[in-house]
Amino acid sequence: MYAVEVREHIMIAHSFRGELFGPAQAVHGATFVVDVAFFREDLTQDGVVVDIGRAGDALKRALAPLNYRNLDELPQFAGRNTTTEFLARHIFDAMAKAAREGALGPGGDGLARIRVTLHESHVARAWYEGAVADA
Amino acid sequence: MYAVEVREHIMIAHSFRGELFGPAQAVHGATFVVDVAFFREDLTQDGVVVDIGRAGDALKRALAPLNYRNLDELPQFAGRNTTTEFLARHIFDAMAKAAREGALGPGGDGLARIRVTLHESHVARAWYEGAVADA
Amino acid sequence: MYAVEVREHIMIAHSFRGELFGPAQAVHGATFVVDVAFFREDLTQDGVVVDIGRAGDALKRALAPLNYRNLDELPQFAGRNTTTEFLARHIFDAMAKAAREGALGPGGDGLARIRVTLHESHVARAWYEGAVADA
Amino acid sequence: MYAVEVREHIMIAHSFRGELFGPAQAVHGATFVVDVAFFREDLTQDGVVVDIGRAGDALKRALAPLNYRNLDELPQFAGRNTTTEFLARHIFDAMAKAAREGALGPGGDGLARIRVTLHESHVARAWYEGAVADA
Amino acid sequence: MYAVEVREHIMIAHSFRGELFGPAQAVHGATFVVDVAFFREDLTQDGVVVDIGRAGDALKRALAPLNYRNLDELPQFAGRNTTTEFLARHIFDAMAKAAREGALGPGGDGLARIRVTLHESHVARAWYEGAVADA
Amino acid sequence: MYAVEVREHIMIAHSFRGELFGPAQAVHGATFVVDVAFFREDLTQDGVVVDIGRAGDALKRALAPLNYRNLDELPQFAGRNTTTEFLARHIFDAMAKAAREGALGPGGDGLARIRVTLHESHVARAWYEGAVADA
């Protein structure tokens, strides 16, 4: 299996509900360095997994509604804890949809899997990996 | 599949037996930067893979008997080469046991897999990944 | 000149005032990975720059009032933009004060300089470096 | 599953054919930091996945024909785009062949899989992973 | 002294003249991850060292003539070895000129020093640091 | 000022004397990732700070007596705590001596300063920087 991975980042505020989260129940924030890996069984005629220019643009579009925002105020996240692992899945869903809709350009149609990793510090990260067809 | 990963480190001395190891047959040492990844099919009601506070505490407990020690002197490793890959499995076993015994708190009971990675330098690392049930 | 450097991190929310900041005028957040370097001309009798255990504790005390907080709500920052470079200086001041007051333990009294670096993402960081006596 | 991973790097020039590549159609270059991971179900009698000394030597031999070269001029790549993902597979094939031929020394004969990752910058990388038997 | 640092990268081809360079006398290439640090004695009224948006734009303009090029073919480098340290100085000169000409926006006029670091691999890097006035 | 920096690593065992060191008074060990930076006011005729091939060889020679050793047993360290900062100075002295004796090849004779950084984990490092003439 081949894979290519590209990196972006977002800077957000949020808070969590539940005793589990201790001091993180207060409004705080995070820089998430976001890696998106695209998996494909074979290379395209051009010799790539996917057009990383267009894939990178799709990633920027997926992240734009979150970047420099307080996630507690976004309707799409109402009633949810926007944990690192939850956001990894949220971004995965957006990227898998982009792949299925042809928004990733050449190679995007044959992608098998996508993995979205969010690094929240030098000591913690989370990811979600799934088949493009399952999202 | 969701995953969260946390990082700690230990500083140990040891030596290896076998011509394969060349100069590493002498007593030397290593800093191991230890990443433990917890895999789960679904998130808990709180929206997490596992309580990383309690998981981190379990990791500290697993590492404490090794940290600042000469591993050649520990009875649990008698007659074994404490290679990076061997230690990855050793820590995996401790973490999988903690998961099965409920020591990881909420989410710990539904973990599918665990992966333990030990970085021994900027150019070498080793890991062990397995199902929690198999350990 | 000798130096030792230790690392911690904080996760905060804040917003900025001024057109310069564009979308960062909204409430957002950041993970700051914080490196504090202690500089000394000579080593102590123990062969160290400073007791990194006690220096690390002092750093944790300096960061605690900021961690998991919305900095916009903290009275000590009223009317100020809590930019990365501003916060580097804020933490420098706390660490230099700790050094002058003897809170860093052996070696802390002879420190010449301190540098505080805040990494806000994989592509941006800021720091403040100054003499301990000047803070 | 156990794994060990070692790191090397190469510095090459090349160009790409196809509109997809935009400005990268011109002769340019890259540093590829190359990680090769070796996977094995069980450890050898010595307690290792593979002899990393000999595995590292095999990797150096696989990289030598590429290092400090303009890949456009190498006959083995005539008519091909030497993309990061293509090169990951090329190096995988060489390492899998080395494993099958016994060139990796003790442990090399029982390797299940190999993964070759090429980091081309701080924001992009590619890899190929496959079974040793399939190469 | 305050500093902020931003990161970009370029991918270039080149060759070196001189026996010193061994195999690097052939046409090869490099990814240079480029960090530019801006130093200032005091913060601006906005609480920053420099407008990193405009500073980042100036850096992109300085790098554009080099990116995806064979440096051997650029007239500005005729007869020169475009070593990592030479390129660090080249980019420094462009950034210092931008600062003196007011192209960095607010804060750019009061910059004391600039440092340009080029990482050429995981094991080697070079930099040039100088006063803005001296360039 | 120009600089180039190269990286190596060593894996050693040692112990410390003094209550300050807590559990590190026992025999333990460390991986030290060693960065050596060479500073020079101007580039050589070849356009470099120093011949990094020969400088790297000199670094390997300086590290060889330490690598894969228990530092407690080496006569040159008798009665000393081989702390990270102490070792940074030890390696600095060896590299500055090499520079003064012409062992670094072209460019080595005009070096102004050397800095030796030892990374002992992902959260701690130490360094020594000094003039070549002072060592």
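Which chain is which? They are A, B, C, D, E and F, in the order written, and residues in each are numbered from 1.
By definition in this document, a residue touches a chain if its C-beta (ideal position, glycine included) is under 8 Å from a C-beta of that chain, and two chains touch if they have at least 3 such contacts.
Since this is a predicted model, take the numbers as computed values, not measurements.
Enquirer: What's the rotation, in steps of 5°, that superposes subunit C's Cα atoms on subunit D?
Expert: Resulting rotation angle: about 180 degrees.
Enquirer: Which chain pair shares more contacting C-beta pairs: B-F, or C-F?
Expert: Looking at contacts between chains, B-F has the larger number.
Enquirer: With touch defined as above, tell me whether subunit A and subunit D contact each other through largely the same residue numbers, more than half shared, or through different ones.
Expert: different
Enquirer: Taking each chain's centre as its mean C-alpha position, how far apart are subunit A and subunit C in Å?
Expert: Distance between chain centres: 31 Å.
Enquirer: State, to the nearest whole Å, the distance from the C-alpha centre of subunit E to the C-alpha centre of subunit F.
Expert: Taking the mean C-alpha position of each chain, the two centres sit 27 Å apart.
Enquirer: Quick one: which residues in subunit A touch 2 or more of the other chains?
Expert: 7, 122-123
Enquirer: For the complex, which residues does subunit B have touching subunit D?
Expert: Subunit B residues touching subunit D: 16, 18, 20-22, 80-86, 88-89, 122-130.
Enquirer: State the interface residues of subunit B toward subunit A in the complex, per the touch definition above.
Expert: 1-8, 43, 46-49, 51-53, 105-106
Enquirer: Show me the residue ranges of subunit E that touch subunit D in the complex, using the header's touch definition.
Expert: Touch list, subunit E to subunit D: 7, 9, 11-14, 23-24, 26-33, 67-70, 120-123.
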